[in-house]
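Each chain carries a letter (A, B, C and D) given by its place in the written order, and its residues are counted from 1.
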Amino acid sequence: MCFDRIHRAGPRKKIYYEPGAVKAGIVTCGGLCPGLNDVIRQIVFTLDIYGVKNIVGIPFGYRGFFDKSLSEIPLSRQVVQNINLAGGSLLGVSRGSASTGEIVDSIQARRIDMLFILGGNGTHAGAHAIHEECRKRKLKVSVVCVPKTIDNDILLMDKTFGFDTAVEEAQRAINSAYIEAHSAYHGIGLVKLMGRSSGFIAMHASLSSGQIDVCLIPEVPFNLEGPYGVLKHLEQLIQTKGSAVVCVAEGAGQNLLETSNATDASGNIVLGDIGVHIQQKIKTHFKGIGVHADVKYIDPTYMIRAIRANASDAILCTVLGQNAVHGAFAGFSGITVGLCNTHYVYLPIPEVITSPRCVNPNSRMWHRCLTSTGQPDFL
Amino acid sequence: MCFDRIHRAGPRKKIYYEPGAVKAGIVTCGGLCPGLNDVIRQIVFTLDIYGVKNIVGIPFGYRGFFDKSLSEIPLSRQVVQNINLAGGSLLGVSRGSASTGEIVDSIQARRIDMLFILGGNGTHAGAHAIHEECRKRKLKVSVVCVPKTIDNDILLMDKTFGFDTAVEEAQRAINSAYIEAHSAYHGIGLVKLMGRSSGFIAMHASLSSGQIDVCLIPEVPFNLEGPYGVLKHLEQLIQTKGSAVVCVAEGAGQNLLETSNATDASGNIVLGDIGVHIQQKIKTHFKGIGVHADVKYIDPTYMIRAIRANASDAILCTVLGQNAVHGAFAGFSGITVGLCNTHYVYLPIPEVITSPRCVNPNSRMWHRCLTSTGQPDFL
Amino acid sequence: MCFDRIHRAGPRKKIYYEPGAVKAGIVTCGGLCPGLNDVIRQIVFTLDIYGVKNIVGIPFGYRGFFDKSLSEIPLSRQVVQNINLAGGSLLGVSRGSASTGEIVDSIQARRIDMLFILGGNGTHAGAHAIHEECRKRKLKVSVVCVPKTIDNDILLMDKTFGFDTAVEEAQRAINSAYIEAHSAYHGIGLVKLMGRSSGFIAMHASLSSGQIDVCLIPEVPFNLEGPYGVLKHLEQLIQTKGSAVVCVAEGAGQNLLETSNATDASGNIVLGDIGVHIQQKIKTHFKGIGVHADVKYIDPTYMIRAIRANASDAILCTVLGQNAVHGAFAGFSGITVGLCNTHYVYLPIPEVITSPRCVNPNSRMWHRCLTSTGQPDFL
Amino acid sequence: MCFDRIHRAGPRKKIYYEPGAVKAGIVTCGGLCPGLNDVIRQIVFTLDIYGVKNIVGIPFGYRGFFDKSLSEIPLSRQVVQNINLAGGSLLGVSRGSASTGEIVDSIQARRIDMLFILGGNGTHAGAHAIHEECRKRKLKVSVVCVPKTIDNDILLMDKTFGFDTAVEEAQRAINSAYIEAHSAYHGIGLVKLMGRSSGFIAMHASLSSGQIDVCLIPEVPFNLEGPYGVLKHLEQLIQTKGSAVVCVAEGAGQNLLETSNATDASGNIVLGDIGVHIQQKIKTHFKGIGVHADVKYIDPTYMIRAIRANASDAILCTVLGQNAVHGAFAGFSGITVGLCNTHYVYLPIPEVITSPRCVNPNSRMWHRCLTSTGQPDFL
């Protein structure tokens, strides 16, 4: 990491655009994440304070740049006033992309001066390519990203927006699984939470609930079968406690699944469904040993993604949105805004997209989680 | 229906038991339903007011009568004081049964005088058999049921406890589906709700949300394919509105599925999964016509079943619990307590279990639902 | 009551207006009540289905008719699509009125054919006067009311919208009072709920919470002082249970207060604050007997009024809104729509406004509440 | 601050107590705060993991040490399993104290080896005196505090438990005030939030809501009257926007009030009620200028204090509870546990109690709040 390329976020004395002449665009890419509307709202508010009048939303992610059937959405303080009270994205989202050239053609044709892009790793890579192409064409366009990943897996960043809300909302699913498990005879509750590459949501949700017996994350390998496997441990929990609750991140134990190599429109590998897999394995295992077990499987993903941001995320979104605009007016391009080591900073996009941030299995937080669940190694 | 066998619920001047000598048992059977703990709590409170000191819970449904590893749970005002604040059942639930003879042997051995049974149709049939067997053996045992069906499908009854809560909680899933559908390009949200034989939850949840475009229930047949089918309608919605939200009851469209004839431990036929089926059909259909569509499927069943009762159900549970005890002290046996035509009454069990109560497709309520969704006939 | 003037609500074969030529107005009067936006939304939807294009909202109650600074709010399906997701009233509310003549002048000037008025008793009286004046002037104007009273105190009506939501939301305040009382040494929680003339909210909220020791409503007189007074009872509760929770309707015990005869803009007498009064009496009493007591007083009124309708009220609002429009098209005027004895009907306004509906102190529901609280007579 | 007296929190290799022989006591002092039960629960769990069997709760704060009518509450893993699901404190709280000598006599008599004290500044001062007295008497007693202040005003600490939950729950009151204000003609919503000496809750709640026009905190002086006062600003807001929402911390503007010098049982000065004061001033002001204004005042204090901790606070409480026990076993006494500059540490009590932590009026966060509200200086 090159520290001299990282700058403290915030307003600058000198601004590089004449606000009255600026056309600003906002686009939201990828899947839903609580807080999208908060960031959109705050970008519009802050542009308005600078004096920008021409603000538009590009509908449905990068698709909005090339799909001729889609029109720009005019944005103003009035339009966005209460959008933070609902989940989702006012602008719509979608996965996938066009060629960088096509997008930059569209940016030129629309005469956009500032482009605010909300999205994850893939979207950031696309944004970087757009930034590079704009530079090549000598266009004066500021490309500023705000990282959007509910998984909280962006390198260098303390926390990304939506994560806190997701952990909070996951409590509802975990408590339901706990109630189902404890009310059933030999009940086993199983909750699958988001987390393709990293287990932050599963770890934090398990720890905060205090109701999880087994937490499985992508960073920590485990066996289901065998004398030290998860199934054997569940057997013991059923014998001693009468019930058990398991929380698994969607990206955990992918080595245990037969996967196709299919990818989705964002280029992400389509994961095998570890939740369904474990559910079936538990059923088979207990049938095999002749012990009754009652498995209840809950996948709350879409119910978590679609809710509005909680108060803590609302503040994070507010500050990110304000600073995204400050960054563009300061003349930055090809940057992303984030909270690093308790400070808000601007980072060059390439710094944050080389790999996803992961849970450190030797960290205090993971050990606190293990203390809370009381689970052994499953190897 | 024989009206002279139906009695207004409530306390009677004469009571048929010496409270101080009574041993009362409570058992909860079948799946979870919001309000179980409220009913248990209120039965205990009312028994306590009568002066009954010996109150026990039979754990895990009828299983608690014959599984030697399970012990009676002593109940008192103090034990149940705050159990209504959590979902589930303090006593545990399970499906399935033993032979009636075995259960009555157990009742005799335990010297139970009053047995309060919370459960659905199958449980009521079992309760009736227990009542008959007790009578045959000339045991002075009052068998009193409280109908528990989240589906609200008990004959003659205005409303069963848990239904109102389920409709309320379903809003969360529907709103998520709506947000997902409206934020996606050509988004289709699909929510499966409870309702094996009857579509009350789906109908009420659709109507109250005001966000549903298509509501499918078991009582109203429909085609997916064909010029008047659901898929064609979704195609039109995507063209005109850009998105659509579908609500389907789990028992809807079973004729469209290949089903095994498997049954669960309660003897209910294991339904094919209409939610997954429709999801796949939508995907195939839109792929077939070369139109992008983004389907998000939500099954909130376990998250709805496991929550605590809302205020309206809490009152219903309170009154049902009080009246169950009044009925037993009045010397009734083989009855069930319910709200019929705005009055609380005691009914002989056989009156209510001949068939499930269904949505009348000619009723005003279903027509209001159709007006709200704007959906056509799908035949 | 004259039964031949009461009609079943619903669409009629013959309609008395040419939809394309109709101008419809909607106005919301009085204080906030959960569901106002649901009713507005459904009136607009139903008018739209009939084919009415010219729909306007009159801002801020009757004030909107005469305050020249206020403009009509154009309404359409799109404008009202999601207004039910927020509390309050899109149109604004206010108390007070102009002269009937002035309002009817304004109706004429605006060429309004159908006027939908949402409000309470006072508003209904005003609506009746408007209807009479229109008839006198031979104007073909349909004046149709939808009763809005969170207190649920409209004569003849089973339930008015917002009531169910209020009871649900009151749980939050009651539970807080319970937690405060139980966590404090000699803690007494005191919650004041809405209910000017009738104690329905207090009674239902107490019953559903199961956490109230004393429930005080306007219909049942009580003493605070004296050997059988509320204070003596609290003393005993503190001695025996260590804590107590009281729920009082705002209109209860008005005879105990010195009141001015002031009225608010709606002409309602300004009530003395019974909550504050009881709080002070409790403090004085316990100080007087040298016993420590820790009183926590909660008045959640504005937090209850301002929330959105729950699912049950949303259905009620939907059906009321639909039927209000059906009534206007059927040519009725001077009517109000309501749920009477489980049926939706049109009633002449005078039938419902002679007095508020009250809790019957001899009813089963009040007795269930007394059983639940365990409170004695306080006389 | 003396840095060599600050230690990283966590388990140590060497422990200074034989777990089987330890008697541990827990006491909660002061007012309620979300998370008290989470900390109690985690202390018990962690003691249990160490092997401590003899764990008791001291009821109702320091009062439990000397009030002979109160008994110790035996604590175990089973007792505390689900206490985090409810707000309040299982042990009860109270303000005030006995003499230090009396408390230490009681500690000796009970043979307590470890005392975990949850409370605020005053409680910490008491804990320090207890620690000193134990040292003087050469008692081997570990006195370990966990700071409990919903106001988040403990020196050196990033965040105290309950604060995040309070900010979240405050949204409910603010949104109600916003809805009331926006639905009324010339509506002004006024919300008073906790914050005796510092405005963290008011600042964060205002910022996250995005609905506040004026935020008033103790650290920033303001005038109500005069050409630059709050009232004049409200006048302008009513003229331009038609409504306004004000958020005031309870400790703000105390110089504007006539106060008695009364103190509560904790020795805190009884504050004048700034919320009621501002409400009256607004009424008088608008009456004076002949402009209608409709003020709605909400004080949600007890409804915020009494709720359970949210997920984020639950994790904070978990880690604090675990580390409190680690600290005691490591042989520390007279310390408090907290999150300082992102790390969990043990601090000597005197370091944190010299004064409350305050909002820095020159900080970025306060400036973000001002940007969000758009309010001027009120001087």
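As a working rule, a residue touches a chain if its C-beta (ideal position, glycine included) is under 8 Å from a C-beta of that chain, and two chains touch if they have at least 3 such contacts.
To keep track of the chains, here are their UniProt names: A, B, C, D = Phosphofructokinase domain-containing protein.
Values in this document were obtained by computation on a predicted structure and should not be read as measured data.
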| item | value |
| --- | --- |
| Contacts common to chain A and chain D (chain labels) | B, C |
| Of A-C and A-B, pair with higher C-beta contact tally | A-B |
| Whole-Å gap between the CA centroids of chain B and chain C | 32 |
| Mean-CA-position distance for chain B and chain A (Å) | 37 |
| Distance from chain C to chain A - Cα centre to Cα centre, in angstrom | 43 |
| Residues of chain A touching at least two other chains | 85-86, 175 |
| Sites on chain A touched by chain D in the complex | 10, 38, 41, 46, 49, 84-85, 164, 167-168, 170-171, 175, 204-205, 207-210, 310-312, 314-315, 318-319, 322, 341-342, 364, 368, 371-372 |
| Chain C to chain A touching residues, read off their complex | 82, 85-86 |
| Residues of chain C that touch chain D when the two form their complex | 32, 60-61, 63, 86-89, 92-94, 172-173, 175-177, 179-180, 182-185, 294, 296-300, 302-303, 305-307 |
